[in-house]
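Heads up, the next two complexes both have subunit A, just with different partners, subunit B and then subunit C.
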Partner chain A sequence: MSLVNFTTREITCKIVYYGPGRSGKTTNLQYIYGRVPEERRGRMVSLATQTDRTLFFDFLPLELGSISGFATRFQLYTVPGQVYYNATRKLVLQGADGVVFVGDSQARQLDENLESLQNLQANLLEHGIDVREVPYVLQYNKQDLPRDLILTPQELDDQLNFRAVPSYGAAAVTGQGVFETLRAVSERVLRKLSEGAPA
Partner chain B sequence: MRRARVIEPWLREPLERFLGETGARLALLMTPAGQVLAQYGFVRAVDVMAAAALGAGIAASTGELARMLEERSFRALNHQSPRHGIFLAQFDSPRGALLALVVYGPDSSIGLVQLFFEELVGDLAQAAPPASRDAPALAADFERDLNGSLATLFR
Partner chain C sequence: MTAELNPRFTFDGFVAGPSNRLAVTAARTVAESPGTAYNPLFIYSASGLGKTHLLMAMGTHARSLSPTLSVAYLTLEEFVEAFHAAVAAGQGEAFGRRFDAVDIVLIDDVQFLTTRLETQAELLRLVTQQLEAGHQVVLSSDRPPQEIEQLDERLISRFAGGLVVDIGPPEFETRLAILQRKAEERGVDFERAILSAVAAFEARNVRELLGLLNRLIAFQAVNEGALTTDGVRTLLGLEETARPAEAPAVAGTTDEFAQFVSTVGAALAQQMDSWRRRLHEARAYWEGRGYRVQRITGPLEQDTPVGAELLIKRFEEDVERLQALEQEMTLLEPARAGDPVFRDPDRVAEAEALVHAAKEGLAPPPGPSAAWAFEDFVGTGSNQLALTAARAVAEHPGTMYNPLVVIGPTGLGKTHLLHGIGHALSAAPGSLVACLSAQDFLDDLVQAMERHRVDAWRSRYRRATAFLLDDIHLLAHKEQSQEELFHLFNALLDSQRQLVFTANVPPRQLEGIDDRLVTRLGGGLVAELQPPDRELRLAVVTRELKSRQGEVDPDLAAYLADRPATSLRTVTGTVQRVVGEAELQGGPPSVAQARALLEGTPEPARRATPRLRTSGIVVSPSGGVRSREKVVWRWPNITDRIIEDVG
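And then the complex of A and B:
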């Protein structure tokens, strides 16, 4: 849950990148880390296995600057995508103010995307959160792969975007769609905050 | 005097007393989700957040292990290296469950930290004001600020 301090005029929000294994959640954060000026970001923390698969989470704090007179910070987290790590995935989701679902655009990964979406819904419910209430956007990553291997954003919307939330085609390796995704989820999180409802 | 940086003023006095008694080098008070409420000793806000995320992650995973073992919870953890010790503990306060992460050097000890941690918990319980519900924080037209900030981030 976001932390708003009226005395020091600071806001801190937690955004979680969710999705199946190898869909590109960590790559999103790595791209952001590489592009953001040093004074606006902290150390990127990755708790990964020896083969660089996320074990617990990646974490990247960002200083957004002043929004409506509040010094605004975002904490970006990824979850481990592999099915095996559901217990830790659930823990990272605790207190999330917004969620980015990073799907894998490859046609053969469609079932994994669906399974991960269902898992997101179930894990949010365990924290007492209805997925319809949490600010959330979809990203269809790996759109840079050959056309015959992937589904288009429109096809993926038909299969995955049940709630018609904003969705973005992306190639996180080159940065395509990464900024747009972050911008969209940031706006939704802050909009919820501006409406005064618990985020 | 060891000046702590606090998000909520009622945390300052108990934390600074704890710091003075224990000689701790770094201290963080945070929510179980890793949102920082008070800190001492960190230079950059973003480093504070990284430490809080790691501390909250440790507490969450040990809490989950406790649940699997049908324990109430592991109340405190201590890690010791030749130069530093790390003390991580969850406690209840009138404002809900909180976490404390304390880093101390050879000039202090786990015994000292544990002893004064009990006092810190008591002092915080006494100092906590009743929870209040704040008005919405952001102006309705925050998008312009957000666009400007994000554009600066991705120059």
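And then the complex of A and C:
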């Protein structure tokens, strides 16, 4: 996917929120949606089941306006977390410029986190993307839960952050850490601009 | 070497205020009458206050007033790189003359002169020369001359001899003016109060100020009209109120989305500029090394960002290829390695073609002839020493006997042995054996001289892993050939390549050969081939008979071997005669027949039935005589002829 289009002077960044089911990916997007001035946000598309689980994916387009002469647009996607929707996840992951892995901080969810991380790597690999090369950050969500139920960001780093990428503790429901995560991944995506742009 | 002046940097675009007015006025005066007002002009200030802008503006302004003026702008780094490149290319002096015709020399960032003594000397020379010629010199630095560490006193006094001015950090009004000017240029409209709020921040330099403006513009792109002066301060982090990153966010207290946009804007702006910076760096680096950088400067002149890394990567790949080609060319034809094509990454294909052509013209040197195999050389008795030496050379080329000189009169097998050694040496992987006669060596050189390709000729032989020259005495009085041979000898000996020569007399007795060659030949092993003794003759006769007849009559071999011979050529010639005669008579050669042929004893059977009543002259049908001269093998029986004539 072409991140920068010099002809039309457009920059489009596709950022995918990945992670196990119920880790809070959609909540991240909803919080962001709530903070975007009305004229800047597109319609958030959310295909959910009756129980509010993401069935297909969420999509939130953000118009950032003209930056350095480029019409800049961010597209935020989430994938369905449940194991059996892998085909959809693969589809959504296609052409991603950056990935946020939203992990569930609850201690009992650790295995699901690991499984989802492995699934992310496998799916990226199928698209011919090396996980070491794609801009990628970790978010440990639900840090607002009682201490005895969750692991601290340091503990989670030990378990999940093999590549020492930036990681953020978050409570997406209140918005804590949501924008930090988005900022971090965006900066990493943009840093790749000068490397990947066509000559 | 010099960089282009950026047309965006003009005096009109430079906001002058109390802090920089003196510098601007001086710069303008100098640009309007170069070489007369303040010479040299030395401008110093902290980073980001407009030194480069002023220098470029002077160049542009001077050129607009007088288009014929020659203006050179370069950074000290570029100056140093170019100077080093010139010295490396052995053109240090030419470098000094490069600025002779330049009316205005603008040198940026001279603070890097610290500790660079040679560069200081070169710069001092340049400045002195320019001043004497009445040409303008302008220098910029981040500190005054006397504060540049270890700067030559003479340079300090030269600099101080003109005008030294500084540019201070902009004060509020200048900051405000700069912000307004830049906002206008960007086509963005801000309320004056907003800009005042930004200008109130004491930016240390103009770049910092423009960074703030960038954030403001990015913010306004998403929040038109919603800016307040307080909001601006918060947004730009001008007050120490930024919350810690990990602190819980309270919805609504800060505009998270605006901050996000601002971050993205700043990151993007930085990225967009970083390509330019990277290209500038790459250009300075490669230009300093003498490469054409059109491919890099091209995109810099446009405003469209390019994938700098990819572009530089490809550029560097091409340069790498050029370097390899240049190196190859240096080996092939040193004189052509300096071709500009090797310095232009846009002409890799041409460089490749050039090297290819050089290679084409560079056939491997002539090798040993297939006619002389090492195994066929019969080594016994009289030539044992030479053969042993030859074997040693073949086994330990370059280290055992170097050079090996095989001497002896003609026809003893010197050439055979030489080519035999050549074959043995060729068997080693990667070997390139030059094996030729002195006459061919001479002819080849003459041809190369005619075609002006002596360099290629030299390379052709210097590439050889072994050099074997037959009949070196033929080079007598051939001065140029001896000269070339002398250098080739030294080059090959230095790199332990094997050298083998043959001559008809010992080196000391070689006439017409330069002493320096003679002594060098004598420095190796001189092995003499003796006239063949019986043992050797028998071996040769047996081999010859075997190769011609398949089987060998021991009596015949012994008879032929007993005959004295001064050379092996005589021996093989005799065998040829005997075999040829036998073929003519339709039978196998025998001792009697050979004796009749060689000693003239009449052959009874033949006398009884004289079938041929011709002149009796018989030419050997087997050939083997290279000169093709007709040899009379058997003289006619004169008695028969007389009777016939009488009758």
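Quick notes
Keep this in mind: the second predicted complex is superposed on the first by the 192 of 199 C-alpha atoms of A that agree within 3 Å, B and C clash if a C-alpha of one lies under 4 Å from a C-alpha of the other, contacts with A are read in each partner's own complex, and residues count from 1 in each chain.
Note that a contact is a pair of C-beta atoms (placed from the backbone, for glycine too) under 8 Å apart; a residue touches a chain by one contact, two chains touch by 3 or more.
Computed from a predicted model, the values in this text were never measured in an experiment.
Superimposing the complexes on subunit A yields a three-chain arrangement in which subunit B and subunit C clash. When the two structures are aligned on the shared chain, A:Arg147 is found in touch with neither subunit B nor subunit C.
Applying the stated contact rule after C-alpha superposition, one finds that A:Gln75 touches subunit B and leaves subunit C untouched.
In the superposed pair of complexes, A:Arg163 makes contact with neither subunit B nor subunit C.
The partner that reaches more residues of subunit A, of the two candidates subunit B and subunit C, is B.
In the superposed model, A:Thr12 makes contact with subunit B only, not with subunit C. Using the contact criterion defined above for the overlaid structures, shared-chain residue A:Ala171 touches subunit C, although it does not reach subunit B. By the touch criterion defined above, A:Ile67 lies against subunit B and subunit C together after alignment on the C-alpha atoms of chain A.
By the touch criterion defined above, A:Glu187 lies against subunit B and subunit C together after alignment on the C-alpha atoms of chain A.
In the overlay built on chain A, none of the stretches 255-263, 309-317 or 453-461 of subunit C clash with subunit B except 255-263. With the contact threshold set out at the top, residues 4, 6, 11, 35-37, 40, 64-68, 70, 72, 179, 182-183, 186-187, 190-191, 193-196 of subunit A are in contact with subunit B in one structure and with subunit C in the other.
On the subunit A side of its complex with subunit B, the touching residues are 1-8, 10-12, 14, 35-37, 40-43, 45, 47, 56-57, 59, 61-68, 70, 72-73, 75, 77, 87-88, 91-92, 94-95, 179, 182-183, 186-187, 190-191, 193-196. Taken in their complex, subunit A has these residues touching subunit C: 4, 6, 11, 32, 34-37, 40, 64-68, 70, 72, 74, 168-169, 171, 174-180, 182-183, 186-187, 190-191, 193-199. Across the complex, subunit A is touched by residues 7-9, 31-37, 44-47, 49-50, 53-54, 57, 60-61, 64, 134-140, 142-143, 145-150, 152-155 of subunit B. Across the complex, subunit C meets subunit A through its residues 218, 221-223, 245-246, 248-249, 251, 255-257, 259-261, 263-265, 267-269, 271-272, 274-275, 278, 304-311, 314.
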